[in-house]
């Protein structure tokens, strides 16, 4: 059974249809990537999954249950972790406090989770007492991912982890994403950086103006001219 | 100093709500007033009246504690009701800011008049709870016991509140919501609950301030007692940087001192004009206040 | 990608169908009311006559004045009573200390209130809405405290022996008629201002201040006018009260008086004159009426029994009930009892069909520029926000008559570029030249008048105004009518109104919205809103048009129409810069593309070159450097 299924989901902002009939499946243990140009509906998709937006029609099924209408703060408990677009730092809080926020609903010792995050991101251990507002973009992204892991999610939603980062850092973040997946967390990765995302993911969906225009094995799509068309608008035959 | 401490306590309520909702809780001055009435009723309820001897020793501690706790309970309840009845329906609909302000003004008048109509428009006296004794003299000024008591209680409350927001889980939830409400939800924070807690906290400290100030210092209260102090406390919050807890404390004490100084300079009747002028000047030249706007930023 | 769900200050959030009167119905109702108001009072008892003067007449007059500030311009004024006090005290001091005739004191009272309006307004009107409210409240208190503590103003005793205007004397009825005349004048002022450039500017500011400024509305000046006009009415009311009653003291001007007038405006329907008249009347008359009526006695008894109040009659409950009413109105009927028609006071009617043709949108395009000149030159532009460099040494030129595209990944600085060009933010470094003249440091409305117009990424129409009024606001960028002109009989207002009507119609037709002028902008379908925004921008008669993602959220058909429209705009002689994510749209339309990434220009060239440019491909698709 799939861990996450979006069935013909439509979402709109007022009069604007942002998603139309989006159907996406994520199997347990996979990395699935969702790529597409600005404004294609990638972030909207993630926000719908994590309960920040409510679909107009269609269904979202997580772990066998429909989660449409469940408020965002309750979905965390069910196992959805979300590192939002723009990193969503609490800038006045320290690294450690941001990470604690990730485990907001958990009781008991957080030591194993802290260990895990600090092992993945040794840099954060050095900076644990520093306010996140003063960190570099790459470090903030590490906090965002680490923070989402603190709730021990079954499914991790990553929204453009490469945004605004230098290429070297992008590669580093992606290799850590792969590592997190190897440790057993299912990942749905939204990216603009198609090349990197397609290399790491098992399967991929290409979104354009709110619709899925291609889906398939990531390695195949990497060669597909549709990818380039989605970004740079070179007409291709369907 | 006394007045500064009171301003600071009431300013905390403005600041907490502003930090989380970006709204000026105009009716907060009435929360303060209700706290004072709560204290008075509690004293009446235990039969403590003007005929009573002014207490000493444990009795004194008990009476002061009663004044504070009763004020907190009354004000806390009113603050939460205010959120539920006057704000939440607007919030659900995503109403514009000015609608909240008008609703709050309505609620504010409603509360004031409710007390005026029920308990009259004249000031109600409190029995004396703390003797007027001079504790010590500093720079030729007498410092009286009851004022020390008020300032010390206020500071204890401020520290307690500051620690609560800085260290507890709910406090972290409040700060997270203030800094990025959407991401806070993604962390599992129930925003509606945080908002209620925020109003409650603001109400609790304002209620304690109401009991301490009107019950112990002024020794009388009436239906519109909150209004002018509310505006001053708001000024204090803006002065320190609204939305910022330490800013509220700093702003409260700073305004208390400035006002005192201004009163000496211009005469007591101009005190309020002085405070309003400060408010206008701060808003014009440094609208983010002395310490900046964000809740929890002062730690950075 | 947020929708324009309408962030109008007074709220389009109530989507219920509402009772709104047509202009004709309004006129008939007003005429009927006027007749009743003139004919009936002499037959009423002295008591009722005195109520009709105060509070009814005074409240209605003040409500009309406050409506200009709150309803028309959307600024919450909690210290309105201060201007009333200034008018009253001016009258009091002039007629007692200086023995000035009471009639002569009228202009003085009005002028003093207006000066107070400017004194308060000039330093504070830039404040955000809720801060402004608190500051006005403070101002109201300051005025009262000054009156209370100034010897010359009688301190707490107030001023007595204020002269009555002769031959009105001591009877009430003559004052009632003076009040009626004052109300009539205030209404005419409100209506005339409403249906002019001034009223449209106020509505635009109320709906979206930043968009108004960018569309050429001098927002600061117009807000100050709203404040001053509102204050003048209060000054007149102050004169009326002081000269009738003969004595005043600070207790006549408490804070809750401001709130009662506010309640009248909000309850009746902020921005709606019939609503405000009704609100002022009800709030003043109802408690007085109920005082002796059986219903009033019941209300009082119930309130006393249930809440343990000690009210002797309904008037004691007045403020309590108003407080409650404010909360309930905000929750259940935020637009008031008689809600404003679309766009409040600012209505632009459709032109007569037989009036001149509406096919000429009046675009002058290039003006004096020659093909080949640089219409826009951006030179070494740098923009820092805190520690973030949003634009880094950006330079490019836009030749006259061309269509240039700006593309780049999220956060590349595209919209910031538009904000800097239109003067919304001032650049850290560098220069921007329109036809060779630097625009840096100019106010957005001045830049708009110089010839740069724009649309917004998240549509920012004035949602609660009609489509036609939206366009008319743009046309007003080149109109000159101000408050005196709108009130005077001169020809300018009439000519400009006619121009606005005709050209608005032509512009709506130009973008394909012929005959849709009466629709509420915020309720139009999405694609139409995009086109209406373009019409509004064209109305400012630009030589350079900046389009920020005009195709976002459009379907294929709409995009095709958009491409055609953009070409027609260019053919009218207007130079265009276009930010767009839809590459098909960009590539088919533009002659040259500038690519931004991390705030820097990484490539420039023809569309076909850009599509194969390695740097651009990497910026969009990322680099697969093979790192494990």
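In this document, chain identifiers A, B and C correspond to the written order of the chains, with residue numbering beginning at 1 in each.
Criterion: a residue touches a chain if its C-beta (ideal position, glycine included) is under 8 Å from a C-beta of that chain, and two chains touch if they have at least 3 such contacts.
Every value quoted in this text rests on a predicted model; they were computed, and no experiment measured them.
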{"item": "Chain whose mean Cα position lies farthest from subunit B", "value": "A"}
{"item": "Most central chain, judged by mean C-alpha position against the global CA mean", "value": "C"}
{"item": "Inter-chain centre distance, subunit A versus subunit C - centres from mean C-alpha coordinates, in Å", "value": "42"}
{"item": "Whole-Å separation of chain centres (CA-atom averages), subunit B against subunit C", "value": "35"}
{"item": "Multi-partner residues of subunit C (at least 2 other chains)", "value": "5"}
{"item": "Subunit C to subunit A touching residues, read off their complex", "value": "1-5, 409-411, 525-526, 529, 549, 552-553, 581-587, 598, 611, 616-617, 620-625, 627-628"}
{"item": "For the subunit B and subunit A complex, residues of the former touching the latter", "value": "169, 172-173, 175-176, 179-180, 182-191, 294-300"}
{"item": "Subunit B-touching residues of subunit A, taken from the complex the two chains share", "value": "50-52, 71-74, 76-77, 82, 84, 88-94, 97, 100-102, 104-105, 131, 133-134, 147-148, 151"}
{"item": "Complex contacts: residues of subunit B adjacent to subunit C", "value": "23-24, 85-86, 89-90, 93-103, 105-114, 116-118, 120, 227-228, 231, 234, 238, 269-270, 272-273, 276-277, 279-280, 283-284, 287"}
{"item": "Subunit C partner contacts - residues on subunit A that touch it in the complex", "value": "12-18, 37-39, 43-44, 160, 162-164, 167-168, 170-172, 175, 191-197, 199, 209, 227-228, 231-235"}
